[in-house]
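Each of the two complexes below includes chain A, the first together with chain B, the second together with chain C.
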Partner chain A sequence: MTLLKVKNIEKHYAHRPFIFKRKLAAPALQKVTFSLQEGECLGIVGQSGSGKSTLGRIILGIERPTDGEILFQGVNLYDTTSQQKKLIRRDLQAVFQNSYHSFNPKQTIFQILEEPLLNFEHFSKTERQHKVKELLNCVELESKIAEKYPSQISGGQQQRVNIARALALHPKLIILDEAISSLDMILQKHIIQLLQTLQKDLKLAYIFISHDLQATSFISDRILVMQDGQLVEEIKKDEAFKHPASLELYNAILPCHPRERTNNNTSY
Partner chain B sequence: MKKVLEVKDLSVKIGEEKILTSINLSAYQGRVLGIIGESGSGKTMLCQAIMQSLPSIAQITHGEIFYQQQDLLKLSAAQLRAYRGRHLSIIMQNPSAAFDHIQTIERHFRETLKAHFVMTKNEIRQLAIESMSKVNLPNPEQLLHYYPFQLSGGMLQRVMIALSLAIQASIYIADEPTTALDTVNQKQVLTLFDRIRLETEAAILLVTHDLGVIAELADDVAVMYKGEIIEQANVYDFFDAPQHAYTKKLLQSRITF
Partner chain C sequence: MNLGRKNHVHISKFISLTVLIIIGLLGLFAPLIMPHDPLAVDISKRFLAPSWDYPLGTDHLGRCVFSRLLLGIRYSLGSVLIIQIVATLLAILVGAFVSLKRGIIDFLFIRICDILLAFPTLILAFGLLGLLGPSLKNVILALILTQLIYYSRLIRSLFIGINEKDFIQAARISGTSGVKLIIRHYLPNVWTPIVTIVALDVGKVILEIAGFSFIGLGVQAPLPEWGMMVNEGKQYIRQHPELMLYPGLAIVLVVLIFNHLASSLKRLDQ
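So, the complex of A and B:
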């Protein structure tokens, strides 16, 4: 079943917001159209500035598109009552690159994870405690971490708390915007595997936004390549890249072994 | 091979906590020494110890750092300034935090070069343009008038490298130089480092958490774990015959498709 439909999204930022002159700059997004099935993992790749994050933010409702519509389970995100919007918010969660900045530093991990439950569920205190424990367990964190503050835990742990928070309300779609880019390799692999397990167990759909083609190909069923605000190519798993923008990303993948170096002019 | 930098038995402590424990390293002319380790393994602390820009709570308790024949730890602050930024140059992870956003690129070149050389404005301008075109920056003349916030992360990182090129540093300490860049820019910056070490014969200390970066550029690899160097090897041996259990785990973490 189709979970999300993105239709002809356009986004322009006013170049110089000067009182008399309002020039339109090059559009950040141009006629972006795609759809997402339930339980699917869609990768969106592109260089910095290609508009992938803007697209993610528009789907999340953080920014309004200049034109176009977004249908989440058939409901237009930008033409609906606030009541319905609240319900959509529940099914639509996000994990961003900088996990520390998406926490309130004055809240403990327990309070951070409890917040979505307080907003949407009518749980008693013990139920919430139980649920938080369950969530931490789900992302393979010890439950005693709940008493700590975000600044007291490592980046990898923070990112896992972020994922746990996104999972708290059993959403249907999680947007992962460069969610693993800032982590070191052992953690990256760990979190990717965690995301894959969770996807299977909870029938989640992901939109995985990244500039790293390698990680994206690893997790995604389908990849969209963006360049200058446009979708330039759609690739299914294991298909070859054709568009120059995709090839540029593909060629920038670093080798697995020094033998495969591309600019190898060092002799041994 | 000429040894340009040698770290001998270096230990650093913050309070009672050991941050670095007996580090031994050598960097050679024209070679790239990759230092790999996870976050919190002490990679950045090592760079800061070499540059002697450690936070004030950290103390070097033991060890020597030789640049050619000179022990940098025995120098006074004023003597050290003649080395730091002149022979040893550091390239940091976040280029936009390393620049002063209210100064033009030209002012940055002027400030750096005036600190070490006697040069006229015109000479500095020429040298700046020359080194910026060496790092493949488009329109270097125009770029001089730009402010750092007007440039992208990848461009700024290249300006940073151009600065080091202009002072003809003999050691580049690159602390996660490509982590904040996208993959296409990352590749460009790594290619640039490769060219620099061939053309200028500088030694490059490349600190990273990314095995791909090591595979692309390093000649030798040192693996850091919890403040210690647990393994040092030629890059081929590192990939083909890892010795330490942690190194093996690290190599298995690579995402492939």
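So, the complex of A and C:
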């Protein structure tokens, strides 16, 4: 079943404040259209500035598109009552790139994980404690970490807490915006495996936004390539890239050994 | 060396805080401690020198200066507390509202603030007092308004500073909004600069209230506000300078304490 439909999304950033005539700047997104099935993992790759993060923010409702519509389970995200919006909020969660900055520095891990529960569930204090413990177990963290502050735990732990927060409400879709790009390779692999297990267990759908083609192709069922605010190519897992923009990204991956270097990536 | 400096700061903070608490308690229990009725006029006892009966002597109407100073704490410090607390709470409401709404409301708010802030606060308060008429209540109203303009602008900019932070977005995605968002996420991250500035301003506002009373726009005659007492003492500055000195020193002491505490708060923030 189709979970998310993105239709002809356009986004322009206005140059001047509202009191002067609006000048439309170069579009950040142009006629972006795609759809996502339940339980699917969709990768979105592209160079810096290709609009992939903007797309993620628009799907999350942090920014409004200039034009176009987004249907989440058949409901238009930008034409809903606040009641519907709240329900959509539950099913649509996100993990951001900078894990440390996505925590309020004045809250403990317990308070951070408890927040979505406070907003949507009518749990008692003990139920919330139990649930937070369960969430931490889910991302393979010890439950005693709950009393610490974000600054007291490591980057990998922070990112896992971030994932735990996104899981707290049993969403249907999680947008991972460069969620693992700032971690080292071993942690990246570990978190990807964690995400894949969670996906199987909880029937989650992911939108995996990244500039890292390797990690993306490892986790995704389908990959969209973006360039200058447009979708330029869509490929299934293990298919070859054809579009020049995709090939450029592909060739930028260094081979495991310098011997295997081809002409395409000798520019380094 | 470093340790010694730290201790020194701690001791001076401790002393300031203790003195402030003592002054507060004196003001609170003034009616119980006062040796005489601060408003009782007795012309036969004019300008008495300090004695056990009258610890700081009497003024030109034979009223006990010490009792008047004690009761004055309520008027001077009490009105400052009201002004600062009310202005800060209102400013948090206004600042939060405009910083979350943005758009045209925010734009108009900023322009109006700019226009009002172009006047020195004293002149603005003068204008308001001219409209409202002289009384302590109106001085408090006028100063709440001038402080409110300044604070709500400050709080707006502090809030906007963290508007785009990831943790605010993350909290929104977790479903937090409105008042909860402000209490849980905005205020805990901006309260130090707010408290510092509000505390720093206490000295300024005490001086303003005293100033208004001194020129006769604030507290009216028999009530013993410190600025008012300085005003009454000024006619006798040659014969009895102590009548101006006592309330003057009281003002200086309180202002110094608040400035000192505020600057240590500032250091804490840095």
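Following the convention adopted for this analysis, the second predicted complex is superposed on the first by the 255 of 268 C-alpha atoms of A that agree within 3 Å, B and C clash if a C-alpha of one lies under 4 Å from a C-alpha of the other, contacts with A are read in each partner's own complex, and residues count from 1 in each chain.
As a working rule, a contact is a pair of C-beta atoms (placed from the backbone, for glycine too) under 8 Å apart; a residue touches a chain by one contact, two chains touch by 3 or more.
On a predicted model such as this, the values are computed, not experimentally measured, just so you know.
On the superposed chain A, the two partners chain B and chain C both fit, without a clash.
Judged by the touch definition given at the top, the superposed model places A:Asn98 against chain C, while chain B stays out of reach. Residue contacts after overlaying the shared chain place A:Lys242 against neither chain B nor chain C. Taking chain B and chain C in turn and counting the residues of chain A each one touches, the greater count comes from B. Between the C-alpha centres of chain B and chain C, as viewed from that of chain A after superposition on chain A, lies an angle of 80 degrees, to the nearest 10.
By the touch criterion defined above, A:Ser154 lies against chain B but remains apart from chain C after alignment on the C-alpha atoms of chain A. Contact with chain B, but none with chain C, is seen for A:Lys189 once the two complexes are overlaid on the shared chain.
In the superposition on chain A, A:His130 makes contact with neither chain B nor chain C. Once the two complexes are overlaid on the shared chain, A:His170 sits clear of chain B and of chain C alike.
In the superposed model, A:Pro116 makes contact with chain C only, not with chain B.
Shared-chain residue A:Cys256: touches chain B; no touch with chain C. By the touch criterion defined above, A:Arg64 reaches neither chain B nor chain C. Of all Cα pairs linking chain B with chain C in the superposition, the shortest spans 14 Å.
Common to the chain B and chain C interfaces on chain A is no residue. Residue ranges of chain A in contact with chain B, taken from their complex: 47-49, 154-156, 182-190, 192, 211-215, 217-218, 248-249, 251-263, 265-266, 268. Touching chain A in their complex are the following residues of chain C: 103-104, 107, 165-167, 169-176, 180, 184-185, 188-189. Against chain C, the residues of chain A that register as touching in their complex are 17-19, 60, 62, 86, 89-90, 92-94, 96, 98, 101-107, 115-116, 119-120, 162, 165, 168-169.
Interface of chain B with chain A (complex): residues 38-40, 152-154, 179, 181-187, 190-191, 194, 198, 209-213, 215-216, 218-219, 235-236, 239, 249-250, 253-257.
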